[in-house]
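Following this line, the structures themselves.
Both of the next two complexes hold chain A, though its partner changes from chain B to chain C.
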Partner chain A sequence: MWENLVGAVALLAQPQVILIALISAVFGMFMGAVPGLTATMGMALLVPFTFFMDQVSVLVAVISMSGMAIFAGDIPGTLVRIPGTPSSAAYVDDAFILTQQGKAARALGLNVVGSALGGLFGALGLMLAAPALARFASRFTSFEYFWLAVLGLSATVAVSQGSVAKNGLSLLIGLFLATIGIDITLGIPRFTFGNVNLLSGISFIPAMVGLFGVSEVIRVTMEEFQGKEAPQIRFGLVEMIRNALDGLRARVRLFIQSGLTGVLVGALPGAGADIAAWVSYGFGKNTAKEPEKFGKGSEEAIISGTSANNAALAGTWIPALVFGIPGDSITAILLGVLMMKGIRPGPGIFENQGNLVYAIYLAFILANLLLIPLGWVATRTGLLMLRVPKRILMPCILLFCIVGAYAINNSMFDVGVMLVMGILGYMLQQLQVPTAPIVLGLILGPLMEQNFMMSVIKTQGSLAMFFTRPISAVLALLCLAAWLYPLYRKRRQARAAAAA
Partner chain B sequence: MLSTGKRLRGLAIVSMIALLSLVLFPAAAQAAYPDRPITIIVPFGAGGGTDQVARVLASLMQDELGVPVNVVNRAGGGGAVGHTAGATAAPDGYTITMITAELAMMHWMGLTNIDYTDFEPIGIVNMDPASVMVAANSPWQTLEDLMEDIKANPGKYRASGTGTGAIWDVARVGWLNAAGLTDGHLPWIPSTGAAQALQEMIAGGVHVVTNSISEGAAMIHAGTVRPLAVMGDERVVAFPDVPTLKEKGIDWSLGTWRGFAVPAGTPADVVKTLEAAVAKAVASDQYVTFMNDVGFGILWLPSDEARQFLAEQDEIMGTLMKQMGVAK
Partner chain C sequence: MIPVSRADVVLGLLAILAGAAILPMSLALPSLPQSYAGPSLFPSLIGCLFILAGVVITINGLRAWRAEKAGQGDEASQPRPQFAWRRMIEVLIAVAVFIIVAPRLGFVVGGFVLVAGMLLIRGNRWTTSVAVALILTIIVRWIFVSLLKVPLPVGPWGW
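Let's look at the complex of A and B:
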């Protein structure tokens, strides 16, 4: 072990490797912070450059780029309510409400430090439990994925507060939108009306940019175009870290729970940082000290999501390294690159290529430590946006939304989707219906439906297997708990109130 | 106010210039093709196999043609969106489409009206045969083991790889037919693609995966998946130990392929220029190294042969898809 560690340090401690880490981080920051450009696209664009890099540089570049991109998605989310990547969608309302309350610095600090610590937690999971986690994840079949999707959907909607109906309505809109397009299972187009652009369904990135970004532009235009001057915010590096650690210290248990959720969900093939953030947000809501604040500017909500999505990144490497199964869309591209570079994944990788595996561990640590100063610079720059008068800022944001929606598929149709979603989002907001569940429905709806169909085709219509497989049964019980726990808590509160 | 004479003279000069430009500019443009950036439409997302092949070739063609060659991803509808955009582009050689096996399938399913006759092929650049893969911890060591077990227990085992009626499902039906079995001997479980199908197989949810061997390469090297056969005419370079179905007496081959095409009606000399550039790119060391490293098979068919190949593929797919009941 020690010689591997020393070997890995020697591989990493080279000026050009550190330089590549820095450049990739800045690149990742850009990809993450611009709505419509994602970490997956960043990975795809990295591929041509990897032809000219050695093994270690490739690993460092990918780890540094993806970690920074997933964090940077928080910046526009917090400042102007447009999640830069789908992974930041779960808690965007919480972060943005804090900004509106003048606590942008606090929210951003939590994003930076929460992301970095979450990433380090994920690296720890990768180091300590990779083979075991990979074996666990490889037992997941369509039955388990179905329950995971149900858990993600229900944990977020079943809240203790009275907005269950509105959350549910919003989720159903998302699930409906998710049914549009070719149904993977049977190959039948649904709700496409013969339009070739609708065959692939509603892409959720344009939808997300519309629901959050465009609707906010419309709201500001209607309500506070003359807006007041934003206060100058002090934002020192040390101050940011101290504040964020203050916030985290009171919620150590929540942080650990979110990190664990992130690594576990990340380790499941096909479920990446975005699903991890949602599931963790849902768990957080059920275990938080103040669950009623979720969706209304809760620091607990931000911690749940922002640390889980970065922890998930390391998690996605686990099945990729141990079994050669991609954990998410980033590692899917990565696997091709690894093979090209002569890195052969497999259960033996930890013994046979020890130096390289330790280099991966160290690269995760390095990337997440770099994230703090670089993230601070990025958020400081981002904060300047708040001082731009809204009548100038809002058109710029709209421009970015349009470019982002276009960029994802090079399609004007997606720009149309974004604008329609923007109007829908604004109208729902006026009715006080939250829009985040729509995005959740779009992400998890296909996962739930497709795995359900796959399961019943496998069993020829029998539903018993959903409950008799051990992991399946546990997940089913967790779902049940997620539905019943808020009721239980409400009753207890009512009884406590009656007693007092 | 100008005199009538002056006005007439002005009119004459303007018409002369107009006439001259009509005569001169198309000639100039033709002589100089290509004189502006070329766009390659990839009908699948960034980072996938099709995208990677297109990007490697684009950079090589750029050196050959002397103008920028940009890759644009138009994913969606299982390839329908990109193929449609490519077929309906201006036939001037500045918009090239990376056509894929889906071109021979989508119109049979009624997803688009576009078929191979809407394109003028530049050439086929890659072919990856379907394969028969099982989990490494399964009892089947050879194709014979598996086939006997399937014959003895019809419907007991299941296969997966893509959605119903998509290419690897067609490969399965063709394989079973050629071996004298029926669709029901090894039923299909639809999945979203190779990653999900392989995960299901490792977890024990399905027993056979028929995707191309390159899609399973990482897991084969990791020792979690065992390839039993490939459905190609010859063995795959990266996996020389894996036999073909034909060697085992089953006369069937099918694979996914990729190529370049321009819209039908593109001038013949433009197609020739592009064909020469792609031919050179495909023969280059960079391309060969890249394809071998990631486990893709190289197949070069120039324009004429590609046209015939497209017609054959279209017919094979149509016949099987009708038999399977997935064609409209």
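Let's look at the complex of A and C:
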């Protein structure tokens, strides 16, 4: 452990790594504070810049960017009631009402410190859960990995909000796209229609850039922010920390509950910071001292959401590192980049690349400590970003999307893939079909098929081992639970509606 | 636009169609000798599930549609999916032009045409559009090609 820690410090304590952390944080601040730009889009735009970075720099850049973006989404939410990212939407009313009551400084302080402490809590969760899970997972064989992939796919549909059928459809689109290309058992081209470019399959990163970058270029309207004169708030850094800690001290239990909720929801495949904020807000309302104030300017509501969404970020790395199964869309794109950088996530990296894993832990801690002073600066500059003219910004973003999609394989065909996925993603979103399950389908589809084929070839076609191996059986039962959960939820909702 | 319920019926039918297209193509793929497993297994399953999801979405849509007709709320108040067709076609054309131009005339020309065109369509003054597009493409080329050594399309004149 100690030599890994020393190794990790040596990896991080390089001038260019620190510089990249700072630049990424500023970039994240921008992506978070401008409504319409999200942390996932930030990740997609980061892709071409990762080509020249070494492994540690990539990890640091992503950790620093995403944490800052998820926090910075709170700033326009608190000051003008426009959440900067979907993750800040759950508690936007509470924060804005505090601003109207003249308590903007207090609300922003809670946003900054609550986010940073939530992020640190998440880091702690990652450090405790991931290695333990990895030790357990080192006993997994193709049977268990098959169920794990199925479980990931099922959880994506079960925990997401909205229609189960639409979530399922989105997942199926991803699964289908993943089957395109040379098949792994017999090497037969599937659904390539004679196109050579499709033989190696749909390129993952251009597809992601399309889904999360280009679709937003289409979606974001050109309505510019018409300066409702936002309040000018000035407060000192020390004053902010003292005030926020004062607000948090009386609610330690709520904070811990929110952090835990964040980590757990984050660790579920497909559910990231935005769902974590909603779930934690709901929990908070059920357990708060003053639940009637939720939605009406409650500090408890802000703490529930703002710490959960930042805690979720570290949570999403747990399945990503241990199984190569992304916890959200950010880690999904990250996994694509890591493959390119020669990092293959799995239980093995905790033993073979201990320095790197410890560098991830340390980077989470540093990024969240850095979030306090940088966040304080952002509360002063965040509103300026609302004034960035979108009719100039969005075409520029489109160019960066193209660079990212093209440069990964030097292929114009990939730019076409990006375009098609962008338009598809936009249309699905407008039909209220979520796009995150597509990503999970794309990543987990091959994992599921490969491990299934390996298993049945080993057993000469018998399926018994999928159910008789103890861990396999448990995972199968968990899958069953994930399938039944939507039915249970529906019944409970129906009962609640009948009672009301 | 039509209300969401009816759009869902269309979406569901499209999903059924997609499944109906995928399924026969998948079944035509070979399997391992003397086994059900093989390249055709998973695509066939996916095809079937497409049809299932489509049927459920269609039925839900029809139900919602009937509830609307039964008179809960007037026609105009139903949520409608908004398709920004114009912005969609703008992006489609802009990227398509880039795909055609950039390999022949290089990244700088392709990128300039893309950004300047998009900026103009989105209602910026032509002076702003040309200036922003020119500066941005040159900076992006400088950062990626010169600084980060990321290759971008090259025209006959080397940029």
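Here, the second predicted complex is superposed on the first by the 277 of 500 C-alpha atoms of A that agree within 3 Å, B and C clash if a C-alpha of one lies under 4 Å from a C-alpha of the other, contacts with A are read in each partner's own complex, and residues count from 1 in each chain.
We adopt the following convention: contacts are C-beta pairs under 8 Å (C-beta built on N, C-alpha and C of every residue); 3 or more make two chains touch, one makes a residue touch a chain.
Just so it is clear, the model here is predicted, and its values are computed rather than measured.
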Partner chain(s) touched by A:Pro48 [first = chain B, second = chain C, both, neither]: both
Touching partner for A:Met412 - first (chain B), second (chain C), both, neither: second
Chain B versus chain C as contact partner of A:Phe176, first or second or both or neither: second
Which of chain B and chain C A:Ile333 touches, first, second, both or neither: first
Partner chain in contact with A:Arg190 - chain B first, chain C second, else both or neither: second
Partner chain in contact with A:Phe467 - chain B first, chain C second, else both or neither: neither
Contacts of A:Phe323 with chain B and chain C, given as first, second, both or neither: first
Which of chain B and chain C A:Val456 touches, first, second, both or neither: second
A:Tyr488 touches, of chain B and chain C: first, second, both or neither? neither
Overlap of chain C and chain B interfaces on chain A (superposed complexes): 48, 51, 185-186, 410, 453, 457
In the complex with chain A, residue positions of chain C that touch it: 4, 7-8, 11, 15, 18, 22, 25-26, 29-30, 32, 35-39, 42-43, 46, 49-50, 53-54, 56-57, 60, 81-84, 87-88, 91-92, 94-96, 98-99, 102-103, 111, 114-115, 118-119, 122-124, 128, 132, 136-137, 140, 144, 148-153
List of chain A residues in touch with chain C within their complex: 48-49, 51-52, 163, 165-166, 168-169, 172, 175-176, 179, 183, 185-186, 188, 190-191, 214, 217-219, 221-222, 391-392, 394-396, 398-400, 402-403, 406-407, 410, 412, 415-416, 418-419, 422-423, 426-427, 430-433, 445, 448-449, 452-453, 456-457, 461
Interfacial residue positions of chain A with respect to chain B in the complex: 40-41, 43-45, 47-48, 51, 138-142, 181-182, 184-187, 189, 196-197, 199-200, 203, 269-270, 322-326, 329, 332-333, 335-336, 338-340, 344-348, 409-411, 450, 453-454, 457-458
Of all residues in chain B, those that touch chain A in their complex: 45-49, 51-52, 55, 59, 72-78, 80-81, 84, 109, 111-112, 158, 163-166, 189-192, 195-196, 198-200, 202-206, 217-219, 221-224, 290, 293-295, 326
